[in-house]
Structures are given as C-alpha cells and as structure tokens.
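Look for subunit A in each of the two complexes below; its partner is subunit B in the first and subunit C in the second.
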Partner chain A sequence: MDFQPDTEQQMLIDLVRRFVREEIIPLEAKLDPDASELAPEDHARLVEKTKAMGLFGIDIPPQYGGPDIDIVTRTLLAIEMAQHRAGLYAPCYGTFGGAGLAQIFEANEDQKERYLYPTLRGEKKAFFGLTEPSGGSDPARAIQTRAERRDNGWVLNGSKIFISGADRAQYGIVFARTDAAKGRAGITCFILDAGTPGFYVRRVVHTLRSSSYATELEFKDCWVSDRQVLGEVNKGFAVANDRLTRQRIPYAAGCIGVAIAAHEMAVEWAKLRSTFGDKLANRQAVQWMLVDNEIDIRSARYFTLEAAEKARRGLPFRTEAALAKLIASEGGGRVVDRAMQIHGGMGMTKDLPLERWFREMRIRRVGEGPSEVQRMVVAREILGSSLR
Partner chain B sequence: MKILVPVKRVVDYNVKVRVKSDGSGIETAGVKMSMNPFDEIAVEEAVRLKEKGVATEIVAVSMGVTQCSETIRTALAMGADRGILVESDVELQPLAVAKLLKVIADKEQPKLIILGKQAIDDDMSATGQMLAAFLGWPQGTFASKVLIEGDKITVTREVDGGLETVELSLPAIVTTDLRLNEPRYASLPNIMKARKKPIENLKPADLGVDPAPRLTVLKVNEPPKRQAGKKVASVAELVDKLRNEAKVI
Partner chain C sequence: MALPLRLGKPWRPLVSDEVDRLPGQLGVYQIADASGAIVYIGQAGARSPFGLRSELQREAHERGTGHQFRVEVNMQYRTRWFELLMVHKADHGILPPDNAKNPPPLLGRLDPA
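For the complex of A and B:
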C-alpha cells in the first residue's frame, strides 16, 4: 500500500505546516514553556485565519459544518498540527476548533439543540466522565457509579477521576451503572449540566503536565431527568467504546507529529554539534539513534495511516487502531528520549520543547487505553472469539 | 481585464541551502520546493484585483521541470483561474524566461503582468525588466502599492531615501516588493477547486524560443564563515578596533 499524499493532500499538509511555522511557533517563543492556551486576542486572530482556510472545526462531520475531508487527510493534518511545543495536548492551541465530544453527535434532536449546537458554536465546553478510581481500562467492570430510577429520572451516586476540564465545562457526559447484574450491558450514558444539585468537582489532580490538571468528580444523590439520557438506557457502553476506538487514530497522529519534530531537531543538532573534534553526525552511536528514530516514526506513520485508511473505507479497524496507538505512543516516547540524549544538557532545559514532550509523551502510553490494553485488543483478535 | 502572473519554483525559503560538493550549483535533490515568495505576493495582488472587480481572469505561468505544475496548482489554489506550464529540462535563465513570456503575452493579450521582483534562488531581478523591454510596455518595479484607475496604473516604489510614485499606461509590467501585501493562506475549498482548473502544457519549441542558457556558472561557493565576535573592555578599545581592525571609521 502506498500512503504517499496526493497533490491536494500535500497542499493541505503544506498549508498547515506553514501555519504552524509562521503563526504558532513565533507565539510560543513568548509563552510559558508549559502553556496550553494562547492569549484570547491571538486565539481569535488565528481562528479567523483557520476559518478563511476552510479548516476550522477540523473534527466536526461535514453535515454539521466541518470541512469535507476524509479521515486519512485529517490524520495527515493532525500529524502536522502537533509539530510544536504544545502540540501533543494542545495542537495549534485549538485554533482549528474542536468537535467537542464525539458522543454528542448521537444525541436526540432536543439534546442536540441544548448541547451539540452550542458546543459547535463555541458557546459550551464539555467533559468526558468515564474513568473511576476503580480503573479506567475496563470500564464495563470498573464503573461503580450507580444511577437508580426515581421521579421520572435517575439518581446518581459515585465518583470519577482524571477528568479533564470538568471545572470549566458547562456540561459533561457521565457513564453510570443502571443495571448491576448486566456488566457492560448495564451502563447508561447521561448528559450532566454543571451546577446540577449533588454534582461536585472535588479536587484538582496535578499530573506530569504541569500547567494542566485533571479533576475528580463526585455525585451525591444527584438527580437528572430522563431527558438527560444519551442514547438508550443500558446501552451507554457502546457509545463509549466506539469513541475509544476511533479516538486512537488522532491520538497516534499527535505522537507522530511530536516525534517528527523531535527527530528533526536531533538531526539538525547532530550536524552542528562537535565533540572531541568531530560532528555528532559522524559518530556511529548517534547515527544509529537517528536511524532508530526513523524506524519508529516510519512504522508509526504506516500503522496509523493503515488504520485511518480502513476507517475511511468503512472496514473494521479496531486492531489497526490499537496497533497504531501502541506503536505511535511507545515509539514517540523513544524518539523524544533519543533526541534529548543527542542534545545532551541542552535537551533537559526548558529552552527547548523536548522536556515537555518527554513528560507528555509518557502520559500517552497510559492515556486513551494503556499499551497493555491495546495489546489485549490485538490478542483477542489474534486468538479469536474464545477470549471475548 | 486579464492578468498574467509568472510564478517560479524555488527551494523553499525555510530550507538551509547547501552547495553541491563539486561547486556546480545548489543541492536540490530531495529538497523541499515552493513558490518564490515574491511571486506569491504577485498572485495575491492579482487575486485582490479580481476580488475588487478590476481583473476578470488570472493566468499563472510557470516554466521548468514537470513539477512546476505543483507551483501552478498553488497559484490556482490561491485564486488564479488557469495555468500554463512551459516544460523544459534545460535550465531557464531570465533572458529565456522573458522571451518565452513575451510570446505568451502576445498570445494571451493581458492588460497587466505582475511578477516577483526577484527569485530567492538566484536573486537576478531581471525577468520583469527584460520582459517590459521585449513587449515595449512601461514597468513599475519593486511595487509596495498598486492602484488601477481606468487605463492608468499608479505604482508606489520603495527606493533609497523614500517612496517614488510612477504612473503607467496599461498594458504594463509590475514587479512586487515585500510590503505590497501579505499573501493569504490557501483554503480547502480553493485547493479542491484548483484540481478542476486547466493547465496548458507547452514546450519552448512550441513558442519558437531557443531557451539555451547564455550565461555559464563557473563556480558556486559557500559564503565565508562568520568570525566570532569580540568583547571589548572600554569605549576607547572599541573605537580603536573599529578604526584599526574593522577599518569602518
């Protein structure tokens, strides 16, 4: 299979690359090394540009006003958008817009009016409440938050952890157990408004991403009406699961973008830096590190584009997406690590983006399903239905 | 009004150019190529004139290897209407390009030709002027402002010591300076539309021009390495060094 971009894809890649180089990177020189947001006026100015480029709302389906481009092209662009300091968790600082939560597209008309459209207009932000203290990788078994039937609605009790943005969101979606006996067929997805009585954002959890934090949620006799059920009762897990598979492709793309940027820095530095009378680039030890970078990047790119291509053609891509996420996050971590090694002391400083990438790339092996779970997904595929 | 915009494919301005080991030229194998930045400004100006209703059609022309069609596609994605590619394996120098453009201009009859003031690869700054001479048209070079009223075009030129304003009768040649405008980003809809816009394929022979180079490049050298700076202890030492070492005062 040939994953070389066609003429139009290449022009879009060049376009986004230039945007990153001319608009994003110069602003980063003036930002805190851990910043994940631009100044509001810069953000607004750049959004005008991405709108003129016809690329605003890059992840919004075309029928909702997003650009009409397929998932392979989106993946190629996601690789470009990540190639700057904040690129892993804040590609282009959100100036290409966000789709909000994928699940909201499956809402009914009433819910779309109240949540989806305001989100697409940028008026509302949402959080995704799945993971609980009892575990995130196996939500079907781990979800202990309960929802019990009362007064034409549901009463939620329980907690969530590592939830991003819940303290700044106007609403979120929360998964809770509505039938204790049914395992994954007993989970329902609710839309929860901020400020609902009994819903508390309890504690801010700091992580390796020092400017960013996650929250802990608590539900104490938190009543929501039937109008807030997203999809069908006891079928919430399908809603979560589809997102988790699809989300692995852009997640991998972000890792590849940062790996490319780190590798380019390492190549440039190796050609400039002399030690003991010769360039680093002439040392076999360094050459082999660069070759290993190349191997990690190329394989991640190939696997990720294969997953995207299968998704584009409507074929099953669960295994491909798992492999892509696994290889891109693990390989990306190795590439950044080698780039730091080649840079020596400079690689540890906050003058360069490498140390931020190093911290953030570590999270990528856990976020969006850890490496072990991705391997489990692939193992199930290899070994057949007996393990399902 | 039809506008002709010649665009050149050059080494991308972000690439660190490297001299070939035999000194015969610049390494271009595997190097990222893009539209000459001054030509982007030319395309942008033409598109703005079209948006204002002054121009009706923009024709982008590029000359050289087959891949110059990519440069034309870039112009089409910015808003040009159609392209002409003059394909040649022979290196095209400004004289040959100007001769070829003269024939195309005779055929296309544009009212205005906007070119970059120079290409960032060889910095010759010659094609626009030569073309004006071949056509016998007036020229407004190094334009930082362009205003068209009826059959007249007013061009503001950045010259040493200030701004010079010239008025030309159309048809005319304009070459663009850096401050004329800020080229837009291409857009997704325009990139998709560009796919359907036609590009005509020609060879120098079709235009009756012998493109053979008239200049021979003897040798290309890396610029000399910049010397490290020096710290001075006092103003007196600084003045002494400026006078006796640097010999600038």
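For the complex of A and C:
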C-alpha cells in the first residue's frame, strides 16, 4: 500500500501543522509544563479558527454534522495534532472538538436526544466506565460491578478505577454484570447520569501523567431505569470491544506524532551541540540512535495507516489495530528515550517537553490494552480460533 | 493503598524565617488565617523559580502577618492541587475564599468516603 498523502491530504496536513506551530506552541510556552488546558478565552478563539478551517468535530460522522473526512486522513491529521508538549493526551487542547464516546452513536433515538446531540453541541461530557480494581486487560472476566433487576430498572453496586473525566462529566457509560453465569455474554452497558443517587466519585488516582488524573468510582445501590440500557441487556461487551479496537488507531497516531516531534528536536540538537570538539551529529553513536528513531517512526506510521486503510475500506482491522497500537506505543517510547539521551541533562528538565512525553508515553504501553494483550490479539490471528 | 486526601501537617507561621528554609521543590501548599481556616490552596509549578520556597516567599510578602502555611512536596503538583481543591469543596461546600475569586475552569466534583 502507498501511504504517501495525496494533494488534498497534504493540504490538510499543512493546515494543521501550521495551526500547531503558529497557534498552539506559542500559547503552550506560557503555560505550566504539565498543563492540559488552555485559558477559556484562548480555547474559544482557537475553536473559531478550527471551525473556519472546516475541521471542527473532525471525528463526528458526517450524518451528525462532522466534516466527512475519512479515517486515513484523520489519522494523518492526528499525527500532526499531537506534535506539541501536551499533544499526546490533549492534542491541540481539544480545539478540534470531540465526537464523544463512540458507543453513544449506537444509542436509541431517545438516548441520542438526551445524550448524543447535547454532547455533539458541546453541552455534555461523558466518561467511559469499564476498568475495575479487579483488572482492566480482561474486562469480560474482571467486571465485578453488578446490576440487579429491581423496580422496573437496575440497581448497580461495585466500583471502577482509572476512569478519566468522571468528576467533570454530566453522564457516563458504565459496564456491569447482569448475568453472573454467562461470562462475557452477561455484561450490560448502562448510561448513567452524574447526579444519580448512589453514584460517587470517590477519589483522584494520581499517575505518571501529572497533567491530568483518573478517578475511582463507587456505585452503591445506584438505581437506573430501563431507559438507561445502551444496546441490549447482556450484550454490553460487544459495545466495549468495538470501542477498544477503534480507539487503537488514534491512540497509535498520537504516539507517532510525539515521536516525530521528539525526533525532530534530537536531529536539530545533534547538529547544534558539540562535545569533545565535534558535533553530536558526527558521532556514529548518535547517528545510529537517530536512524533507530527513523525506523521506529516509519514502522509505526506504516502499521497505523494500514489499520486505518482497512477500517476505511470496511475490512476487519482488529489485528492491524493491535499491531499499530503495539508498535507505535513501544517504538514511540524508545524514540523519546533516545531523544532524551541525545539532549543529555537538558533532556531531563521541564524546560523541554521530552520529560513529559517520556512519562506519558510510558502509560501508552498499558492504556487501551497493554502490549501483551495486543500480542495476544495478533497471536490468535496467527494461530487460529482454537486459542480463543 | 490510596494516599491521604488531606494535608495533615501542622501549620507554620507564614514569616520569612520559616519560608526561607523551604525546599526549592515542586508541590502544593495551603494558607490559613490565624484561626486555622484555609483561605487559599496553591501550587508551586515548574515555572516557579525556586518552587515552594519562592511561592511561599511571595505569599508571605503579599499577605503580611497573621497567616499560617503548610506544604507538601509533590511532583504531581497539578493533579494534587485539583484534588485538594475538590476535597475542600466536598468538605466545606465552597472553595477557599482566595481560590473562589479566580476558580480553575472545569473543576470536578469529588465525594470522598
């Protein structure tokens, strides 16, 4: 496959690249190195710009008002949007808008009116409540939050952990076990309003990602009506699984964007910095590090665009998405590490974005399915269904 | 095991002799009035020239006498700062008065057990 951008794609890439360099990076230079939000007035001003560019709500399907840009192009743009200090987890500080949770597009009309459309209008934010203290890599078996039938509805009891944005959200999607005997076929997805009695955001969970936190949630006799079931009872795992696969492509793209930015910094520094009478760029040890960066970036880009291309064509892309996520998160981490090594002491400081990328990139090997799970997905494909 | 939610160190007087001995590290701090009521929760981020020391020196200079402080060295100063603000709001229903004048946008809610 040829993944060279066509003329239209290149035009959009140039547009986003200019936006990042002329709008985002100068503003970012004035923020705390761990900030993940712009001042509200700056955010509003830049949203107007992305709307004028025709790129606001880029991930929203066209039938819901999105700009109708295919997933390969969106992946190329996601690589660009990540190329700044906060870019891995807050690409362009959200000024390109969001599409909300993918699952909510599967909602019925009543739920779309109450949740999807307000989300697309920017009036509501949501959280995704899947991972539990019992584990996140194998949600089908690890989910212990129970939902029991009562009073024409469901009563939730249990807890979730590592949930982003639950303290600020107006609603969330929560997965609970509705049939203990059925394994993955006994999980149901619920839409939960943040103000529902019995729903608590118990604590902040601090991580390496010091710009933003996760939360721990508790459900204590938390009653929701049948209207809050997303999809069908006992078919919630398919909803979760579909999301996890799709999310791996932009997740990989973010890693590539940061890797490119770190690599460019390393190349520039190697040409400037002299030690023992010669430029770093003339040292074979440094040259090889830069070549290894190039290999990691090009491999990740190829596998990620391959997954996106298969998704664009409507072909199965589960294996390709797993490979993309695996290669981009591991390779991206190596690139940032080498860039820090080339920068020496300065690479460790908060003066440069490398230390933030290093911490955040480490999380990417675990988030959205750890490397080991991605390898399991690929192994199943190689070895056949007998391992499933 | 969750970390303690609230700062529990004893209050120290907000005077030069005390704050000049603080480390130049990143972290969070609380300022209280003479009765021990928290009036401000702050952070010493990476743009503070000498971290907690310079932030508290500035606070002492601007606030004058009659205040107390306590600090926590913490590399996760931003998320810890948000956490302390949310815990204070959960405990008291409102932010400390000097934070309420300029509240952070999009502060979440917390229901500590």
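A few notes on this one:
Everything below uses one rule, namely that the second predicted complex is superposed on the first by the 388 of 388 C-alpha atoms of A that agree within 3 Å, B and C clash if a C-alpha of one lies under 4 Å from a C-alpha of the other, contacts with A are read in each partner's own complex, and residues count from 1 in each chain.
The working rule: a contact is a pair of C-beta atoms (placed from the backbone, for glycine too) under 8 Å apart; a residue touches a chain by one contact, two chains touch by 3 or more.
Source: prediction; values computed, not measured.
Aligning the two structures on subunit A places subunit B and subunit C next to each other without any clash. Of the two partner chains placed by the overlay, only subunit C lies in contact with A:Asp34; subunit B stays clear of it.
Look at A:Ile260: by the touch rule set out above, it reaches neither subunit B nor subunit C. Counting the residues of subunit A that each partner touches, subunit B and subunit C differ, and the larger count belongs to C. Once the two complexes are laid over each other on the shared chain, residue contacts for A:Ser210 go to subunit C alone; subunit B is not touched.
Look at A:Leu130: by the touch rule set out above, it reaches neither subunit B nor subunit C. In the superposed model, A:Lys49 makes contact with subunit B only, not with subunit C.
Contact with subunit B, but none with subunit C, is seen for A:Thr7 once the two complexes are overlaid on the shared chain.
The superposed three-chain arrangement places the nearest Cα atoms of subunit B and subunit C 23 Å from each other.
Residues common to the contacts of subunit A with subunit B and with subunit C across the two structures: none. Interface residues of subunit A, counted against subunit C in their complex, comprise 32-35, 37, 40, 165-168, 200-204, 206, 210-213, 215-216, 218, 350. Of all residues in subunit A, only 7-8, 10-12, 14-15, 18-19, 21, 49, 52-55, 67-69 touch subunit B in the complex they form.
Note for the complex: subunit C touches subunit A at residues 2-3, 5, 45-47, 75-80, 82-83, 86, 105-113. Interface residues of subunit B, counted against subunit A in their complex, comprise 14, 34, 70, 73-74, 77, 184-192, 194-195.
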